[in-house]
Structures are given as C-alpha cells and as structure tokens.
Amino acid sequence: MEWINAILQGVLLGGLYALFAAGLSLIFGVMRLVNIAHGDFIVLAAFLGLSITTGFGVHPLAALLLVVPIMAGLGYALQRGILNQTLGDDILPPLLVTFGLSVIIQNGLLEVYSADPQKMNAGAIEIASVQLPGGLSAGVLPLLMFGVSVAVIAGLQWIFYRSALGRAFRAVSDKQDIAQLMGLNKAHVFGLAMALALGVVGIAGVFLGIRTSFDPSIGPGRLIFGFEAVIIGGLGNLWGTLAGGIILGVSQNIGAQINPGWQLLAGHLAFLIVLAVRPRGLFPRIEG
Amino acid sequence: MTVSASYSISRSSPASRAGAVIGIIALVGLVCAPWWAGRADMRLLSEIYLYLSLACLWNLLAGYAGLVSVGQQAFVGFGGYMLFALAMFGGMSPLAAIPVAAVLGGLIAVPVALLIFRLRGAYFAIGTWVIAEVFRLSFAQVAALGGGSGTSLPVAIVKSIASNRSMREATSYWLALGMAVIVIAVIYAFLRSRNGLALTAIRDSELAAKSFGIDIWRRKFTIYIITAALTSATGALIFLQKLRISPDAAFSVNDWTAFVIFIVVIGGIGTLEGPIIGVIVFFLLRETLADLGTTYLLILGVVAIAVMLKAPNGIWGFVKAKYNIEIFPLSRRVVEKNSKN
Amino acid sequence: MPDALLSTEALEAHYGDFQALFGVSVNVTPGEVVSIIGANGAGKSTLMRSITGLLKSKPEMVRWKDQPIGSLRADQIAQLGIAMVPEGRQLFQSLSVEENLIIGGQMGRGGPWDLEAVFKLFPILEERRNVASTALSGGQQQMVAIGRALMSNPEILLFDEISLGLAPIIIKTIYDALPQIIGEGMSAVIVEQDIAKALSVSDRVYCMQEGRISLQGTPNSLTREQISAAYFGV
C-alpha cells in the first residue's frame, strides 16, 4: 500500500517536473538554446511569488496573475537584450552567458532575500485531500498542480501546432533566413518564445514555492530535474516530457521508500539507465 | 635570370622566443619561492597553480575538443576522495596516492564518457553536471569517509609527507607548481603533435575533419579521459593542501567550475596563453573584491557575460588578433630562409 | 533611374574576406520581367540575397521606389512587397503544404492571392494540403515555394533558379504558368542558368560573370555569340 501511495505521489510530482521541463524543451525546440539558468529562473519566480504574496497579502495562487506576466516580460527582454546575441553555430556563447546568468541570479537572490529557506502558504488547500478508490488518498494541491501541468502542456502543444505563433516558431526554427523572407522578425519571434517559456517557468516557480521550501541555491537542482525529464521522455515531444517527469518522480519516490537518502540518486539512476539503453529517450521526435 | 628565395616552415617567432626566456627565468624564481616567500604567499601561489591547472584542462576540453563540461568538479572531488581513501585505508603515502588517484580518475571517466557522449552540445554540459551530482550524492553515502559532513586527513598521515612543517609546506608548494608545469607541458606537447592539429581541425570544422578520416569520437573520448585523470590529480593535490574534504566542498560547482570557466573566458578560450592571463586577473579581482561576498560573485557573473558578448576571445584573443603574436609556438608559418625571422 | 521600382546601384557584397559582387547595377520598372543569367558562381544568388536583405549592404546600394533599403532587415524588406522564391525551394520541413502557404501570407498584405487562388493555380497542392512539405516531389515543392511567395501579394517576385534539379517537363509546366503567376502588373526578376527559358519570358536580360554585369539588353537585340561570350567570359 505504501508502495502504491509512493508511486501515486511520484506521478503527481512528475507533473511538477514536467512543468520544470516544458520551458526548457520549448526553447530548445525553437532556437536550439539551452538555458543553464532555467532552474534559477524557477526559483526567481518562487521568490517573486513570495514577495507578491507577502506584499499584497494575497493567496499564492492569486499571485500567479502577476508572476506569469512579469516573468514573460522578463523573458522577452532577456532574449532580445542578451540571448539573441549569443545565437549562432557556436555552442559556447549561449552556454557561458546563461551560466553567468545563473551565478548572477543565485547571488542576486542571496543579496535580496538571504539564504534562509522560504515557503509560501497556500492555506487550507495544502492539507485538503481527496479519497481515491482502493483506499488511497491524494492531496488536493498535488492533484491541482498535476492537472495544471497537463493543461499547460496541452496548451503549449496547441500553440505550437495549431496557432499562427506556433507556425512562426516552427518556421524560424526550421530555416531562420527563409522565415525572415516571410516578414517574420526572428529577434521578435525568439523573444516571444522565451516570454512563453518564462511564463511557464512562472507557474512552475509558484507551484514549487507552495509545495516545498526553497532558497536561492536550489536552482541547479530544478534544472537537472527538468533536463532529466526531457531526456527520459525524448527530445521534441512535450507529452514525452510529461512521461519523463512522471518516470523521474516515481523513481525518486520509490528510491525514497527504500532509503530516504537515496531519493535523488534513484532519480539520477533512472536517467542514466535511459541514457544507456535508449539514448534518444522513450518518445523522441527530433534529433538532439 | 630568375632569383628564387627558399622557404622553410618555422613555428617559433620573436615573441615565442622572448616568452620562453622569460618563462624559464620566472619558473626558476618560483621554484625557489620556499626561500623567499612567506607561508601565506606560498599558499596563495599554490592555489594559483592548481586553479591554473584546472583552467588549462577545462580549456583543452572546451576550447580545443569542443566538449563544454560544467561537471569537472566530479573529478576534482573524486581525486580528492581517492587521495583520502588511499592514504587512510590503503596505507599509501599521500605523495604516492596522487598518481594513483589520476589513474583511477581516468578509469572512472571511461563509463562516464560512454554514457554522456550520447548527449550533444548544451545537453552534454548538463549531463556532466548530473554526473557530478551523482558523485556527490554517492560519496555522501560513504560513512567511512565521513558521509555528508566529510572528514579530515589524520595527523599521522600529514606528518608522513615530510619531517617538519616547513618541509611539508615546501613539498606541497612544489607539488602544486609541478602539477601546473606538467599540465601545461602535456597540453603543449599534445597540441604541437599531429593529434593537436587534428583537434584544431575538429574544432574548426567537424565535417571537414571527418572527410579527412579523422576519427572524431575517439579523439574526443581520449581527451576526455586524459583531462579527467589530470583533473583528478589536481583535485587530489587541492585537498591534500586543504587537509579536509566534504561532499559539498569536493564537488562544489562554484569553486571548481564557475571560477574556472571565468578564468578561461576572461583570459581567452582556445589558447594556451589565455588561462595564464585569466588566472592572474581572477586572483587580482579576488584579492581586491572578495570581501564583498555575494557582490563579488555577481560582478564575476556580469564580467563573464560582458566578455562573452563583447570579446568572446578574451583578453589574449584580443591581443593575439591585434598584434598577431603567440607566446607558445603552436602555429606554423612560412619563413623565407636567410630572413630575420 | 527615376521610374525604376527596384534598383541596385554599384552594389558590392562580401562573404568574409571574399568579394562576390563588384559594383552591380540593375533595375526593374513596374510590370517588367527582367532575367538575370550567368554560370554557377557568377553572383546571381548573392545579388538576390542582397536585394532581399539576407545579405547586408550599404543603404543606397539597393533602392525601392527610390528609397534606400540596403541596410534594412530581411523581414522589413519583405513587408515592402518584395518576395522571393528561394534557390533550392527551402520549404519549412516542420510545416505541412498548407501551413507553408499560410505562413507565406502571414504579413496580411491583402490582394488577389490567397489559399484558394493558389490551389486554383496548382490544383495538385490542394490534394496534398496536409502532407508534410518534404514528402512532395521536386516539382510540387517548387509549386509550394512559388505559392508561398505569392501568398504575400508582393509587388515584385524574385525567382531564384526555379528550374534547378527539375525534370524538363516540370520546368515547362511551371514556365507555362508564369504569365498566370505574374499576372497583371507584378514585376519579376528571374534568375536562371537555363538561357533559353529565361530569354523566352523576359522583357530585358542581364548577364553576370564573376560578380559583374557582363551584358544587358532586350532578348531580341542580343545575338547568341554575344550572350555566349558574356556568359562564359571567353
């Protein structure tokens, strides 16, 4: 019973990991850029949510209404101001610049908020639970987060494959030069992609902040979870990323069941096994 | 009647010859440091040599082999832990344990490389980070080595290095200096060889290099293993100096990757001279700014980004392009016989 | 030239240290069809890339309705009404046939060309509208590329080597449709290695050789010997 519960919790946790990964996956799909600071942006969003919650006295979930647009705006500015200049054939500049950003964000947050762990209080919803068949129970909040994750992924899929914006993303990703001949300003399109990705990061950050305690240093850990979810699930497939997140979450929880100190290692092990046996992931769509 | 000049291929230049002379003089001076430098200065110099080693190795990996790793701390920590384990449980003298740690580092790098070489570009980079995390978490599980809080090197083992403290400190110092010299010598020799030429070709154009029959995968793999081994040796020395090891210190991203990347980027990636300049700049900044704590790191981050955007070839890259000089004679030039050059 | 729609003035172009164009001056008047012929490496595609903004030039080197546009971004130039059917088709591989066409019209310039009109011109495309663009034959891909450029309702259409890699029968089909494509009032620049085809449809012709204009005139006024000499530079 404990095992089934652990697996269930792992599945719900997987939704959060998929949310971590979704923005990462989107950006790589559109502009072949991997943002090393991605996890730190998630933590930044969590702190942003914290400040809004305490500053305006609103519920953390309500803070989303501000966090998401702010993060999206930040993403657009970041892409057009800095990251667009790093794009090209060389992989070093985007990698090193986003690494530098990671250092800046972590230390900036340390300066402003100190290293103390924080957590956002979502009130009664945090302890509410729902009875499931088979004597299992699941928290309302984890269920809600999982549901939102699935909705976000479905939304991103819709944008990517059924909207004009998604067409622009795919065209610019396919052939930058030719896309410009269609009147698409690639600097602007990339900016919109990053805005969308950081908007999703905003949701992920607030969820993180409600779910666990956080501090400025946990960014890289979230990046790694997101990255592992993408690799396990397969590049270029957002639903695959959801599957990857779930596998990661379940592996971690099973590991924790065996020995609490093995939680993270179990997740890494699952990742390494997939890398060894199925390097392109379980449901790949594009080449790495 | 036609007069034709005869030509030869030469690698050295006035700058490289001057550099060689200055370098030898400086090296002699530094070797004699235990006689003219104070304890604190020697410790600082040792730290500089070890960071220089790490920077040169990271530069070989990223700047020449195109393998950008943000997980070299895996081998720094591994080397450190191997030193402690071999000395404490293997009955080895710490000095003998250093080369053994190097070999072990090279060995463990084999399965690591086989796994992460399946990833490319930035995903490869994050993969190296995951490996470092796995190492950190794994070593934190080993109770015999202090688990999560780490352990100190027993006094008896420390004393076995040399009979008195000043001898120990001199030994430590010479080991660090020796490490830097060996790393630079190995990299220099490698780059001067045909392997080095192949590496530069791969860096410049993988596709073209492949069409010449250069086996890309195997060369990158070899570089990765060699770098891992030497990084492990450097890590062993680092923690021999510190006399204490813990998972967080051993596998710290900040200490062993962020700072190293900063050094290489500022100095000039893909050049041998770059890390030397970078390490000087880094320590100058550290000595003047370190009191500022997080602000210091913020400044480093901003400077690294600015350099990457505006001067991606670093200080040496700028100088090299502007004045066309080379201290380490690596490139070949056509020289007219009987000319001044 | 006062009534030129599009003109280049002593245009130069470089790829790094390599100079590809040396003072090229061409012009197109409204409603005119101009062809540019030349061998491989003559600089024809470089000329097209410079005009469309994929290659940067000094502002006054390219003029549109007498305004300097040489330093504008490619997407800004597209907004002016300059469209190109690029060399090698260059369809978006992640997009279906229909999506390729739709994105061609994403500027919303308005005009006679829409999805329905393109399908009427090339009925086979309507049959295969949801197919991945890369799954089509070379000739069909060329139709998509042409349709995609038409969807932006341009004032001038640049065709960069549309017959390259296509079977003669397909080339004939496309060139037969050219009057329909260009229609009333649209100007066109046709870049070709196939001299006969180019001469058969154009009002004026330029010949390029090693980055320079080696010959220009109307098809009727030029002899085969002149063209041969200008083409091959012998």
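As written, the chains take the letters A, B and C, and residue 1 is the first residue of each chain.
Assume a contact is a pair of C-beta atoms (placed from the backbone, for glycine too) under 8 Å apart; a residue touches a chain by one contact, two chains touch by 3 or more.
Nothing here was measured: the structure is a model prediction, and the numbers come from that model.
Chain pair with the larger contact count among A-C and A-B is A-B, by C-beta pairs in contact. Chain centres here are means of the Cα atoms, and by that rule the chain farthest away from subunit C is B. Chain closest to the overall centre, judged by the mean of its C-alpha atoms against the mean of all protein C-alpha atoms: A. Between the Cα centres of subunit B and subunit C there is a gap of 53 Å. Averaged C-alpha coordinates put the centre of subunit A at 44 Å from the centre of subunit C. Inter-chain centre distance (subunit A to subunit B, centres taken as mean C-alpha positions): 33 Å. Among all residues of subunit A, none touch two or more other chains. Remark: subunit A residues 164, 167-168, 170-171, 173-175, 177-186 touch subunit C in the complex.
Taken together, the subunit A residues at the contact with subunit B in this complex read 28, 32-34, 36, 82, 85-86, 91-97, 99-104, 106-108, 110-111, 220, 223-224, 227-228, 231, 261-262, 264-265, 268, 271-272, 275-276, 279, 288. Partner subunit A is touched in their complex by these residues of subunit B: 62, 66, 68, 70, 115-116, 118-123, 125-127, 129-130, 133-134, 137-138, 140-141, 253-254, 258, 261, 265, 269, 294-295, 297-298, 300-302, 304-305, 308-309, 312. On the side of subunit C, the complex with subunit A involves touching residues 52-54, 73-76, 78-79, 83-84, 86, 90, 92-95, 99, 102-104, 106-107, 148, 152.
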